[in-house]
Amino acid sequence: MYELKQVDKHFPGVHALKAVDFEVKRGEIVGLVGENGAGKSTLMKVIYGAYQPDGGNITIDGTTVRFQNPRQAMDHGIGMVFQEQSLITNLTVMENIFLGFEQQFVSYGVIDWKSMADAARHQLAKVKLDIDPATITSKLSFAQRQLVELAKVLTLEERVDGDLVILLDEPTSVLAKEEVELLFKLVRDLTKRASFIFVSHRMDEVLELSDRIYVMKDGEVVDVVGHDEADVDAIQHKMVGREVDKEYYREQKQQAYDAESVLLQFDDVSNGSRFKNISFSLHAGEVLCLVGTEGSGREAILRTIYGLETPSAGKVTIKGEQIAQFTARGGVERGVGYVPRERKVEGIVGGMNVYENMTLSQMENYASNGVLRTGEEKKLAKNWIERLGIKTPSEYKDCGGLSGGNQQKVVLAKWRSGGSDIILLDHPTRGLDIGAKEDVYEMVREMSDAGIGIILIADTLEEAIGLSHTIIVIKDGEFQKRFDGRPGDKPSLYDLVHHMI
Amino acid sequence: MNLETIRPHLPWITLLGLVVIVGLINPSFFNPSGLLSLATDVAPLFIMALGMTFAIYIGGIDLSAQQVANLITVLATVYLAQFGIGVALLCVLAGFLIGAISGFVTTRLYVPSFVSTLAMGFVALSAAKYFSGERALSMDATARNESFGWMFASTAGIPHPLIIAGVLLAIAWFLQTRTTFGRALKAVGAGELAAVASGLNVDRVKILAFALSGTFAAIAGLMFSVKLSGGDANLANGFLLLAIVAVLVGGTPLTGGVGGVLNTAIGTLIVMVIRAAMVYLEVDATQQQMVFGVVLIIAIALTIDRSKLRGVVK
Amino acid sequence: MTDIAIQSPPMERFLTRERIIKWAPLLVLAVLMLLFPFFEWLEDFREGKDHIYLVDSRFFSIRNAARIFVAASPALMVAVGVTFIIIMGSIDLSMEGTVSVCAVIFAFAFLAWGGTIASFGILAIPLAMLVGAVMGFINGLVHVRLKIPSFMASLAMGFVGTGFALLLTGGDRIRVEDELFRSLLTERIFNFPIMCYVALAFLLIAWFIQSRTTLGRNFYAVGGGEELAHASGLNVERVRVLGFMLAGIFFAVGALLAVGRIGIAETATGNNFMFISITAVVVGGTALWGGIGGVWNTLVGVLVVNVINNGMVVIGLPGYVQDGVLGLLVIIAVVLSTDRKSVSFVK
């Protein structure tokens, strides 16, 4: 009924969707799985009209359609239940359900609350949610809100003639086990009126609910399996596929770390609901990689080490000193350097030049009584520009105008020149082109050789395996498994995925 | 040539253009003694705008500057007899304190600066009315001349207010460009999150920026008070708009991070020339506020960095 | 039916932040209304005079209540106008200029068209409201089209407005002495001047707009989640501009009542409205971040502000204290209404 044929989508430097064929039959639940970056979200955006494909075509019942925006997709019966809560919490449930479509209840400029409430009740009944439509949304539980979102999408049923296709993006991420069951039961019931596309990183749920499962990797659909022949292991193998290129990740340069010298120790550290009872230690020269899905708590661990967040329980020890006061300033003073994921927002200060950025975390080393010794700053910058091969006309260049790879080098220079020996890398290669990525890998090796301990959140699993001495897999904020990654004896992608999802 | 490349140069081009226009309309504008007296008149405003620059440079605003100056005119007048020249220290401290409190309320209590400074302004107004007994006070002429007579004297033909303004500008410029504090200010204004992630004590920097704004407003108030030889809870009214205009037309945008105190010097000169032009063109004094209101809107629209507003403008 | 509905909501404590925000303003008002008579009683008690608490209070009398309501009426209209804006998460600081301009234009037109309500002079009233709407429209356009933060756009527009009013009057005061118009103040129904009822009527209109019209509800949607509202197909820019127009109309009503109260229109008619109205709105419990609160909150806020003003005079405190008290009150109110977890940094 709803079909994508040979759909292509390019972004600058990325071929995000490669000739994707995708079909949803009437009353079917289709699962969609793939690693981060496999193209799932791009595909969904094409389906609900947020992106327009560059090639191929989309047909509904054989008629070719083209959506300029989500609103047009909606008019053709395609609705999206968003992963993030997209309800406005200070409005009532019924206002949320009909937001942007209130006009049908207005007569002479006055909203008829009663008829809106009746209509809302009708929608809520579809998702079997028995609440007063005039309830303020913030008073609902997350599970209830998820159902309201579903009810909101189901208003399409009245607005659109023909079949509905509803996308569910990670709908279970905030739900408890029994709530998931209820949601699934509901979705199965609703297949009488609509087809569903179900996206989740929880493999067991996808297997349980879906009639057919599309497996994506690197922008391609690599397999389509039916519910009955689906097998977790087989799917996971398909998801990861390719083996690691040793050359690319400078594996031959990987040296053993110094197991005697512990730089950082986590003992049963928890931080609210973001991560729980995490323990590990980082040694001089070690690259420790935290592996997990988006939102598994990896980033919170980095921010806790750096001092931007205070743990709720447990003991963090840096170089033998137990941390009592968690501040970023303290982190810097203890020799921790943080390379954040959002390079342009948190990494560099756009509008400040290269040397100003490099000394930002260590100004007191280049100042007497608060007066900066700019000459020394510039010398330092020149030195590091040469050392890391930063491509910039001079140290006066505004960092906002450098390329991504060079910005990343400036951030690294900031920490290395300040003598940081624990470096936290959060997606250091995100958005970089291949050459710049290789530069970053080279630097990682160089730093470990210099005895710096590195904690890495890698952009891909291959990168994590290639670069790390140690891998710790985390799922939903909890420790799953620790892998040793000596060169030649690294865990496989499959080993990791198996524990991640 | 597009707007982005010209933008940093707009302030002085504007200034030059205005000077030429005014000069053409009225060649006597270039009369040195006239220019000098114009500049001298604008000195207190300039000093207040200098302080305001720090608040705007970090992306905030100080709406209390005028009320702080009002309070200081009262304090200076009331305590002149008692402390003599020492009253200057009292004034500066009071300004610093009020600014620091605004800064604290903004950074630690998460109250947006336009509200916190507005509120602190009314606290200052309240204090000004208290100390003045809600009357217009005047300074004892002898004590004034003894302690602050130097302030409006002149050396080698240069009036002292100009020298004071110059010295303060030099200090502010030094702070902005040569010290760790100035560098931190820039980092906070240009990329607050990156400043936090680099381990800077961002709260302290911001509090200090507001405190400096208060301090400079206090110095402006003191100067104004000595000039008019008195104090009143409304004496400095009308300064706020002009101070904000001076900062913004100078090229420090409301979003902070670029520009700085030298820009404010140019901005103040622009304000001065516009005022002079209005006098020559016989634009009624009553219309000035309207003109500057419109100038303000144009200046903001031209300088503001919309990419920093992240799509949502509230 | 599924069991999901039975699940308890996320937070079920007695003293939630929401509850505090909701009830604190009323509580403050109640406490103030008991406190001022107490001070009176205390004073008389010290001096040995007979004084029964509340009964003999000068503060707690109908006459004084009327005084408070008269003083509060213009401010209430201005505050109600800005309430809509604050619900959207924006702010409007142009009220002083707008009120002055509306007052002055009204007075000129009123006098020119007959000088009494019983003539074409009455048309000056809709004219003033139209002027308010136009000024709000310009204000909204400057804010939305030039993408200037509303506090600065409206502050600048306020300066322009005050300047314009000054230009119109040349600094003169215009007397509006028509008895029929002044009956707003002079004529009383049940001890309260007519202007109180006019203010009440407009408050009800505002309530109607807030709760029963699409525009009113859209203010809440924009304040609660601008991007989400936009994604749902709401024309957020249009809502914002209409909001500023609506605010302008209420500022104009405030101006009319202010002129009715004093009988004079001048540039200074708008003075002090900015701080009082903003204070009233946030003290009433409408959050500066937008999305919660409403016109009834603003009524409570305006009463709190005016009770403080009036009470201080009654117990003999000097008038200047109130500016400072209100300043602190604003800070406290904003602090209370801020959910610190949801704010990353503030400028």
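Order of writing sets the labels: A, B and C. Residues in every chain begin at 1.
What we mean here is this: a contact is a pair of C-beta atoms (placed from the backbone, for glycine too) under 8 Å apart; a residue touches a chain by one contact, two chains touch by 3 or more.
Computed from a prediction, not measured in an experiment: that's the story for all the values here.
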Touching chain A and also chain B, the following chains: C
Between the pairs B-C and A-C, the one where more C-beta pairs touch: B-C
Chain A and chain C: spacing of chain centres that average the CA atoms, whole Å: 45
Distance from chain C to chain B - Cα centre to Cα centre, in angstrom: 30
Of all residues in chain B, the ones touching two or more other chains: 193, 196
Chain C partner contacts - residues on chain B that touch it in the complex: 58-61, 105-107, 109-116, 118-123, 125-127, 129-130, 134, 192-193, 196, 202, 241, 254, 256, 284, 286-294, 296-297, 300-301, 304, 306, 309, 311-314
Chain B-touching residues of chain A, taken from the complex the two chains share: 306-308, 327-329, 331-333, 338, 340, 342, 345-352, 356, 359-361, 363-364, 367, 370-372, 374, 414
Chain A-facing residues of chain C, complex: 1-5, 7-10, 18, 212-214, 217, 220-221, 223-225, 228-229, 231-234, 291-292
Residues of chain C touching chain B in the complex: 88-91, 142-144, 146-153, 156-164, 166-167, 170-171, 226-227, 275, 278, 282, 288, 290, 318-328, 330-331, 334-335, 338, 340, 343-347
Chain A residues within the chain C interface of the complex: 70-71, 86-91, 95, 99-103, 106, 109-111, 113, 128-131, 138-144, 147, 178-179, 182, 185-186
